Amino acid sequence: MLTEQIIQSLRAVREQKPLVVNITNYVVMNNTANALLAIGASPIMAHSQQELAEMMSFSGALVINIGTLDSVWTPRMCFAVEQANANNKVVILDPVGCGASTLRTETSREIARLADKLIIRGNASEIIALAGEQAQSKGVDALDSSDAALDAAKCLAAEYGANVVISGETDYVVTKDSVVTLNNGHPMMPYVTGMGCTLTALTGAFAAVGDESGLAAAAVLGVVGEIAAENSRGPGSLQMNVLDELYQLDEETLIQRLKIQ
Amino acid sequence: MLTEQIIQSLRAVREQKPLVVNITNYVVMNNTANALLAIGASPIMAHSQQELAEMMSFSGALVINIGTLDSVWTPRMCFAVEQANANNKVVILDPVGCGASTLRTETSREIARLADKLIIRGNASEIIALAGEQAQSKGVDALDSSDAALDAAKCLAAEYGANVVISGETDYVVTKDSVVTLNNGHPMMPYVTGMGCTLTALTGAFAAVGDESGLAAAAVLGVVGEIAAENSRGPGSLQMNVLDELYQLDEETLIQRLKIQ
Amino acid sequence: MLTEQIIQSLRAVREQKPLVVNITNYVVMNNTANALLAIGASPIMAHSQQELAEMMSFSGALVINIGTLDSVWTPRMCFAVEQANANNKVVILDPVGCGASTLRTETSREIARLADKLIIRGNASEIIALAGEQAQSKGVDALDSSDAALDAAKCLAAEYGANVVISGETDYVVTKDSVVTLNNGHPMMPYVTGMGCTLTALTGAFAAVGDESGLAAAAVLGVVGEIAAENSRGPGSLQMNVLDELYQLDEETLIQRLKIQ
């Protein structure tokens, strides 16, 4: 049932080639644009307030990633979220490093409050920090187990009306009424910078074709990352192979590999 | 005859190692710098108004790419074009997403008007939008066939005194008096973000050694992309292989592969 | 003796996974973050004045790279250096293109003066220009032999109390009292943009675990780059393979390959 939904979503992305607007961090712009292209979507990386109203009027979703945040970009992000709201489009928030600085925590909350339709994708530390619980955040990489973040995710779902994806060794897709667990992926994935940001960007592509839970993207990248890592000598190869496998992924492989419950 | 010109240009880039100043978008900065190095040129990625006069005084060409435009960068681009003019250097304009927003269309035209010696490199949608005709632009990726853009390119050549390269399944190199057609390349190439931006950057390297038509760069990247794609499992590999093949390209292979008329 | 120190430093990076704050250029942000992850460190790419005090309070070192400098970023860099000083952390300065513009030369000197604990990593041209001697700088790539820069490095060591790494065909690690020479590496390495920036970032990781000379990073990247290049068809593969080999590097290989005196 869930697997069937995921397959349908993948087919829809490849058929509809949705436009996804990304205001994201400098580190991952190239990779996330490439991931969107590889899965069949069409990335727009734009951040000027002078064009975001136009861009959101014909795009399918908005990805906001605060990885290299500053005071110049925050108003642009907020403006873009308002345009997404005005067009009834989903906002996907990646609260990178939430908890590592007051700026990140407060900006993440501001964006979460502002968005009408929201998916939040973070690691356990970030989800816990965003929910306001005590997180032992150390920089922008994850420390808390995904398990410990489940409660935080449920709080966020209630507080913001958001769906929440916690990525880690196990991924959790948390909606108001359900928790889906995914057990794909590979231990080498955290050695590639912005693998989580790639998941966030893909979540935008799937949201644009109707999957507002975040499930399909997490399922696809878990399987793809697993296949890619099995054929990689290290994180350089893995970064490249993820793009190749997103492009090559067929439905049968996805069904066979998927560990979902 | 044209093939011989292209070979001479390639030899000149590798011998002279021209400096190319790039004010380009965040998404492709790494890739375009690497493409310039791989073909034998020397990239400078600089955008501060405090140093662009100096930089243009000893560089061979200026690449302006509006992919991640905002109001902070536009004045820098214009200032750099003025410095290129003052030094009698060619400006290569990549009007990324022209037609997708008013900002992009107007800024592209402003830069085109400002440049004394100009090559424009875009996809069909962008060229049509820049020329002011009705283009069905959807985001930053191409929708119109290259054929339909030929008339627009001729208008641009007349209006701005520019040479125009339309890239797509077929590439067209349009000057005031001639149209050259190139039929290399591979259907996987649009799945790598900024492949067009790479062509624009390479056009800068060849302009710096005297090819002000844009032909040599289009020929080289068409052949290189074709070879690279034939050995690629997907767009991740392709992005990497393009750099390897730019570095490895020998004249004999270029002559054998080139489909030009 | 030196080899043993290098091995201990490598082990320390992998065990302690130090956080390294990077204010670096747009071109190399992805690669340098990935290089830090691959060697076992944890990168933070942050540049907002609103969070740099917090970030430096729990990080191990600060990398400042002026590759895509402008007047917006310079005050952020200076503020971050002050925070590093306040926390007694090493600053690693990469004076990219120093000598190619007045802006770069002056900004590099300003940062060098400001930092209490400092490692400077540059190519020969940059080191000579920073020291104020006459350098024939042409853009951001190296022209002078590393030999000619040794005197400049000794001046910088005296003037700023800095340790200096000159990278090139031969690398020199210059402290107040000693010069160590490294002869690893490969001629293909300069064809990858930002290979020097990668060395600078890695120098930050090793400084964070106590190697304030810059030696361990230069030794590791020299050996890794050599191995990676031997298995690369061109600079695209090399960029990828460097990450894989940083991840795979074992102590025995490092000892066998290292050419140090």
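The chains carry the letters A, B and C, assigned in the order they are written, with residues numbered from 1 in each.
By our rule, a residue touches a chain if its C-beta (ideal position, glycine included) is under 8 Å from a C-beta of that chain, and two chains touch if they have at least 3 such contacts.
Bear in mind the structure is a predicted one, so any value in this text is a computation, not a measurement.
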{"item": "Self-contact between copies subunit A and subunit B, residue sets same or different by half", "value": "different"}
{"item": "Angle of the C-alpha superposing rotation, subunit A to subunit C, to the nearest 5 degrees", "value": "120"}
{"item": "Intercentroid distance (Cα basis), subunit B paired with subunit A, Å", "value": "32"}
{"item": "Shared-contact residues (touching 2 or more other chains) in subunit C", "value": "26, 30, 72, 239-240"}
{"item": "Sites on subunit B touched by subunit A in the complex", "value": "25-28, 30-31, 67-72, 97, 100-104, 138-141, 190-194, 232-237, 239-240"}
{"item": "In the complex, subunit B residues that touch subunit C", "value": "19, 26, 29-30, 33-34, 37-38, 42-51, 54-55, 58-59, 72, 239-248"}
